[in-house]
Structures are given as C-alpha cells and as structure tokens.
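Supplied in structure tokens, the structure appears directly below.
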C-alpha cells in the first residue's frame, strides 16, 4: 500500500513540475522544473522495479540534460523570442 | 517485497501511472503546439519523451515480481526486462537529439538573432531574393546577419 | 504546426486528446500485458549469457545491435554539433581561439570542489560500468558519470585546455572496439555480436563473457561523446 | 548472408575511426560506399540462387533476438542507397571529416532500415538516419540552413516520440517486437488501440517519408540544404522510411482500416503536394513539393494489399530514386526563381536536355520508365475493386495533370527568349549524368528490370514464407 501512495505523490509532483516547465517565465526556472520532473520520474521507475532505467534517468535526464540546457541558455540567454511565455 | 492485496489496488496503481505518463505526453504536446521559443519546444519534447518512457516501463510491470536482476539463487518471477532495455536506449537517443537541437539553436541565435521558430518559418517561407542567389557556389562565404 | 496561433485551440486540442487517451487506455490492463518475449528472456538469460542483470543481457546480447545503433546516434549527434558550431566559429573572426581563454577562472569553492569531485566521480563511473552485468548500472549510466567527471574541471578552470587529442582517440577506439567485438563474434561463432569467452558463473565480477568488455567500450564511448557535447555547448555568450 | 551485417558494421567502423585516419580520411568514405555496393551485389547473387534467408544477431533466434531478413527487396534498396551515396559524395565541403562521418552513418543506418526485421531496431536505425541528416542539412552554407535544420529536428523528434509510443502500444498488446512474430499475433492488434498504435507509427515514420500531416519541413529543408544532401534525402532516405510502412502493412496491419488510413494520407500528400508545387515560384521548392506528391503515390500503392501494390510502389520508388536526385542536381546553380530560367535552354543545351528528359519521365510520358511505374500504380489501384481505391486512381490522374501543368511551365520558360547571363557552373554534372544514363538504361532494358522487380515484389508479399523463414529455422 505504501508503494501506491509513493507512486501517487511522485505522479502529482511530476505533473505539477511539468506545468511549471510550461509556465515559468524564466527559462532557467523551466529547466530546474524539468529536472524535478526527471527526479520524480526516476523514483517512479524504482517503484516500477526498473532500477537500471531509474539510474539512467537520474544521471542523464535530471543531470546531463539539465546541464546541456543550462549551457545553451547561458549562451543564448539574451536572444529571446518576442513572445516568450 | 511488498505485495498488492487486491485487484482494485492494482487497478488504482495502474491509473496512477497511466495518468502520470499521459499527463506528461499532453503537457509536452501542449508545449509543442503553443510555444514558439526553440528552447521551450525542446523542453516540451523532453516532457513528451519522459511520458513515453514512463508508459513503456509501466507496460512491463507485473505485480509481485522482482526487478530483473538475479540475486543469489532466486526463483521468483521478474518484471519484463525488454521495455526497460528499450527505454534505456530511448533515453540516450533523447539526450543526443536534445544536444544536437541545442547546438543548432545556439547557431541560429547567433546567425538570426531570434529563436522564435514561427518567425524563422516566416523568414524561410519568404522567396529567395537575388542577393542570396549566388550563395550556393562553394567559394562564396556565408552571409552573416548582424 | 510551428506557426503562431492563439493558445485556446491548442488547449482544446489537448483536452480532446486527453479524452481519447482515457478511452483507449481503458482497454489496457495494467500489470497484465502479454510478455511472451520478456518471459522467455527472463527464463533463459542467465543461462545463455551469464549476466545476473537481465536488462544488461538484453541490451548487450539479445539486442546488441540496438545498442550499437544507439552509440552511433550519440556519435552522430556529437559530430553534428561539432559541424554546426564549428562552422559558425570559423567564420566568426577567430572566436575559436578566444573561446577558451576569455572566461575568468571560477571561484575558490568551485575549484576546490572540482578537484575533490574528479577522482570520486571517476571511481564511481568506473564502478558503475564494471558492475553493469551484476547490479543496476552499466555503460550508459557510468558513461554519463564519467562525462560529468571530465566536464566539472573544465567548468572550474576554463583556461585549462580539455585534451581533445586524447578524447578523440578514446572516442574512436571505444566505438571501434564495440564493432570489432561484434565482428570477432561473426568470425568465431558465425553470428555478429555473438557472446564470446564463455559465460562464467553467474554473479561473479569476471563472468558473462564479453558483456563487461562491451560495457567498458560503451562507457568510454558514451562518456567521451557526452563530454564532447557539453564542451561544444560551453562557449561564450552570444550577444 | 552475413554480408548484410557487414554492410552496417563496416561503414560504422569507418565512421568511428575516421578522426584517426589522417590524410586518408577523404578516401575512407567513398571506399566504404564502394565496398557496400560490392557486398550488395554479392548478396544479390546469393539471394537469386538460394532465395531469401534470415540472419540472427548473436545467435539468439527470432522472437528473442534481432533478425535481419535478406530478400531481393532489401538488397535492392541497400545497394541502391550505397550507389546513391557514392555518386553523390561531396567534392568540396566546409568540414570534410565530419561530413564524411555523417554520410557513412547515414549509409549504415539506411542498410539497417532495409534489412532489419525487428520493430524497435527499425526505430533505432530510423533515429540514426534522422540524427545524421540534421547535421548534413545544417552543414549547408546557405543562409537559414541551420534554422531549417532546427525546425526539421523539432518536428522529427515529435514524430519519433509518437512512433515510440506506437511501438510501446504494440508491445503492450502483442508482447513481441519481431515483425514475423507480430504477424502471427496480428489479431491482438485488430482493435481501436492497435489501430491507434498504427496511426502513431505512421505519424512518426511519415516524417521522413514526407507523408501528409508531418511534411512541413520538406520545402524549407530542400531549398536550403546543399543539392547533394537534398538529393540524398529526397531520393534515398524517404524511400527507406516508406519501406518500414510497407513491412508494417504487409505483415502486421493487413486490416482494411489501416490500409484506408494509409491510402487517405497518401492521397492527401498527392493533392497537397501537387497544388503546392503548382503555386511554387522557385525551382527547389517546386521539386520538393513534387517529391511529396510522388511519395504520396508510393504510399497509395503500398495501401493496395498483395503483390500488385508492392510491385507498383517498388517501381515508383526506384524511378523516383533515380529521377529526383538528378533533377535537384541539374537545378543546382541555376537561378532559383522559375521566371529567371528563361533562355537557359539555349545557353546550356545539354543541361537543359537532361532536365527535359528527367521531367518528362517524372511526369510519365510513354517510352520513359516513369510511364510504366504510373501505369502499374493505376492497375494496382483499380485492381482492388473498391470505391475508395477507384477514387484514388482518379486522384492520381488529376495530380498528374497538375504536375504536367507546372513542369511544362518550367520547360517552356527554359526555351523561351535568350539570356545574357554567363553559364552557371554545373557542379553536379557527373552524378546527374550518371543518373540520366541509368534512367535510359532502365528504359532500354525494361523487360529484365521488370522481371527482377516482379520477383522482388513476389518475395516481399509472400507473408507465410517470411514468417516460416524467421521463426521456423533455429540458428544453429
């Protein structure tokens, strides 16, 4: 039963963070929210008994992807579209 | 390992996972339809891919089964290893595509001064002006916009 | 699709899609999917490949070709990123030379932290790679850790040149050795990527035939490609 | 038969080792492509003598491991792609080493798409070819090439995510990914959920196959990428993506609903492509839209169940594979705007004559191969004997009429008036000439070529033999 509650909590966290990815005005905030999505997802993967995938999601999804995105934002930060929301 | 007592509980757990993956897919789709900034589109893709990954791993789940790693002389049932292997592959593919997309975005920002993909689409749709007609020749340089 | 549109149609479309998905997913019973192939692999994997981690044996034995394709994708992405950014720099009035030297060195804490992190991450990455056939982890996860290990010092000391020559050699030889192990299988056992070296006893470090070797090749290849991608993206700010 | 694996392993090995080869780097790529052609020819002979066969990776038999199905169709496409890569090998490039590596990867991935008999493995090779093509597209010196590449990447990645979702649904319903095994469990996919999986995969694989709702990238990319990259994408890669769809409808989704869906998307591609081509003002875009319409015709042909559809689609695909790259190469260096082409017919008679020959074949004027391909398509569509497919035949004829209107407009402009511009460089003279000669050879040897295509279609459409070959024989 604990497993189901952990899953529910993670799904809620993940979806709230997902909405934040879309609504954050600052790109760097959106990236931080995306990495929260990845962390919650990797906990869900542990609940689904996929430790290999969870490890990869934590290392690649939450870690590397965010670093890559942050590096790109740092380089193009001044270049925004006219309507950036 | 904790077990699930009833079929209803399993069903609820299933809907939790389906809601999570479908929610991420829908959020990603929404970002792709509504956003215009290239990095926001790439973030939308990231959400969409995460949702797909969660769905595939959830497909391989079995109640009362262990992770697909043998520990000692264990004989119990294990969850499906195949979707997990597929998703490991998909995660790495996703990060490769993301990185290449970011590299392209950096170059576009440098050349065009905007990352608004709708605006870039308009510029692409504008017919070729005589000024750019000779650029396909190998010896001429690329024009830089300030 | 990528044109400007008001948001309401997009929202309505998503709502429709949500209803459709709900209707479709009702037919899919959680925890009950037919897993013919998965079941069969669970039954024979340890015996056939000698790896305790069934996911690793799927990745490197049953579906080794997928993994080779995936390494090629990372290689293509890194090559494409170099192509895209390299062209931009060459025409950019010698920015390529200025690129690594203009950044001021990072603060004391970051530099000391990087010095401490480097050996730790290196050992962790090596451990995750080499135990991939026994415990969760393997070439991809360990490779990502290795990439971080080599990128953190770069972040702390932008002026210290990343040794591109060594990275090129590691990248090329790791990728080539994966293909060559595959061709060795073709020559030895008659099938591309056929397992070599016997299975050993399940659960020991030196077991599972050529799987640990393939994990090492993947780890080095993934690590060098990802580090290369991060360093390619880590350039000066655009104005 | 293991030559099929080497056709993937050797180009990949060459691509990985390319950074270390030093001054030899420029020769590695063409050599690997030539080697692939030789392997393809030897495979062709083996298949002709011993019939189709199956190669198991790592010795793990069919549903558990990945298998390659080596038949005439696959060998034909793998060899044709290698030949196309070789004759389109760039002479000059801003960054030859990286571009060579990407071309070699494209070659390996294309062979993988032709041979593989596993759904997820096909997806991996599809992604590989996609990632290689993003880099190649952005390598152009044209302004906005990177912007076109970025928009292409976003759309394509969206498609890939959908395709992966579709593959996941297939696995959830049938529990296997091997195409032959899926063919045995086709009933499990005959449900709304199974059809949704097919639609998702069609959206995903349709991006490279230039199918209707997901082809917005085509005109942008083809008008900004280099002519050789464009020729490769329009000529080779798009056909290989459609080959996946062919395998799906032949083996797994032979149900009427799936076939109707494919037919509908194909017809919409024809109509939208031909109308957009009619409205296009510059030549590369016109050719790009014509390519969408031609691929729509191939998709429509594949929606006809049985041998006739495969044969028609195969003929159309090979014809387009020869003609469209050559057209893009001839047009490269000419002014892009159609109205500025006036007088070039007299200034450069040979080049214009080649263009006329190719355009007439594309249109389907009788003695040229394009005519036979279109005739086969019409016969196949009418052979289904169902109203939707009869309507499709009418749509194909209507599309051809529109195609005629805009292609003849270009031809007319070419030979109208005179120009005082100095002749432009014809960088692609050699590859375009080779492709033109190949077209003429096919016209002269119509009977043996037709026979070979017939055999290929027969083998491909023989589903029970495919299933028995893959699942019946054990590896050892």
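Order of writing sets the labels: A, B, C and D. Residues in every chain begin at 1.
Following the convention adopted for this analysis, a residue touches a chain if its C-beta (ideal position, glycine included) is under 8 Å from a C-beta of that chain, and two chains touch if they have at least 3 such contacts.
Here the structure is a predicted model, which means the values were calculated and not measured.
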- [ ] With centres defined as the mean of C-alpha atoms, identify the chain lying farthest from chain B.
- [x] D
- [ ] Take the average of all CA coordinates in chain C, do the same for chain D, and state the distance between these two points in whole angstrom.
- [x] 30
- [ ] Would you kindly tell me how far, in whole Å, the mean C-alpha position of chain B lies from that of chain A?
- [x] 12
Task: Between chain C and chain A, distance of the C-alpha-averaged centres to the nearest whole Å - done: 18
Task: Length of the line joining the C-alpha centres of chain A and chain D, rounded to whole Å - done: 37
Task: For chain D, residues that touch 2 or more chains besides their own - done: 120, 124, 127, 131, 134-135, 138, 146, 149, 151, 154, 171-172, 177
- [ ] Mark out which residues of chain A touch at least two other chains, giving numbers and ranges.
- [x] 50-53, 56, 60, 64, 68, 71-72, 75-76, 79, 83
TODO: Would you please write down the residue numbers of chain C that are in contact with two or more other chains?
DONE: 1-2, 4, 28, 33, 35, 37-38, 41, 53, 55, 63, 66, 70, 73, 76-77, 80-81, 84, 87, 136, 140, 226, 229, 233, 235, 238
- [ ] Could you tell me which shape the graph of touching chains takes: line, ring, star, complete or other?
- [x] other
- [ ] Provide the full list of chain pairs in touch.
- [x] A-B, A-C, B-C, B-D, C-D
Open item on the list: Can you tell me which positions in chain C touch chain A when the two form their complex?
Closed with: 4, 53, 55-56, 128, 136-138, 140-141, 144-145, 147-148, 151, 226, 229-230, 233-239
- [ ] Going by the contact rule at the top, pick out the chain C residues touching chain D in the complex.
- [x] 1-2, 24, 27-28, 33-38, 40-41, 44, 48, 61-66, 68-70, 72-73, 75-77, 79-84, 86-87, 90, 168-169, 171-172, 175-176, 179-180, 182-183, 185-186, 189-195
Task: Footprint of chain A on chain B - complex, ascending - done: 2, 4-5, 9, 12-13, 16-17, 19-20, 23-24, 27, 30-31, 35-37, 39-40, 42-44, 46-47, 50, 53-54, 57-58, 60-61, 65-69, 79, 84, 87-88, 91-92, 94-95, 98-99, 102, 105-106, 109, 113-116, 119
- [ ] Give every residue of chain C touching chain B within the complex, in rising order.
- [x] 1-5, 7, 10-11, 13-14, 17-18, 21-22, 25, 28-31, 33, 35, 37-39, 41-42, 45-46, 52-55, 58-59, 63, 66-67, 70, 73-74, 76-78, 80-81, 84-85, 87-88, 91-92, 134-136, 140, 202-203, 222, 225-226, 229, 232-233, 235, 238
Task: In the complex, chain A residues that touch chain B - done: 1-4, 7-8, 10-11, 14-15, 18-19, 21-22, 27, 30-31, 34, 37-38, 41, 44-45, 48-53, 56-57, 60-61, 64-65, 68-69, 71-73, 75-76, 79-84
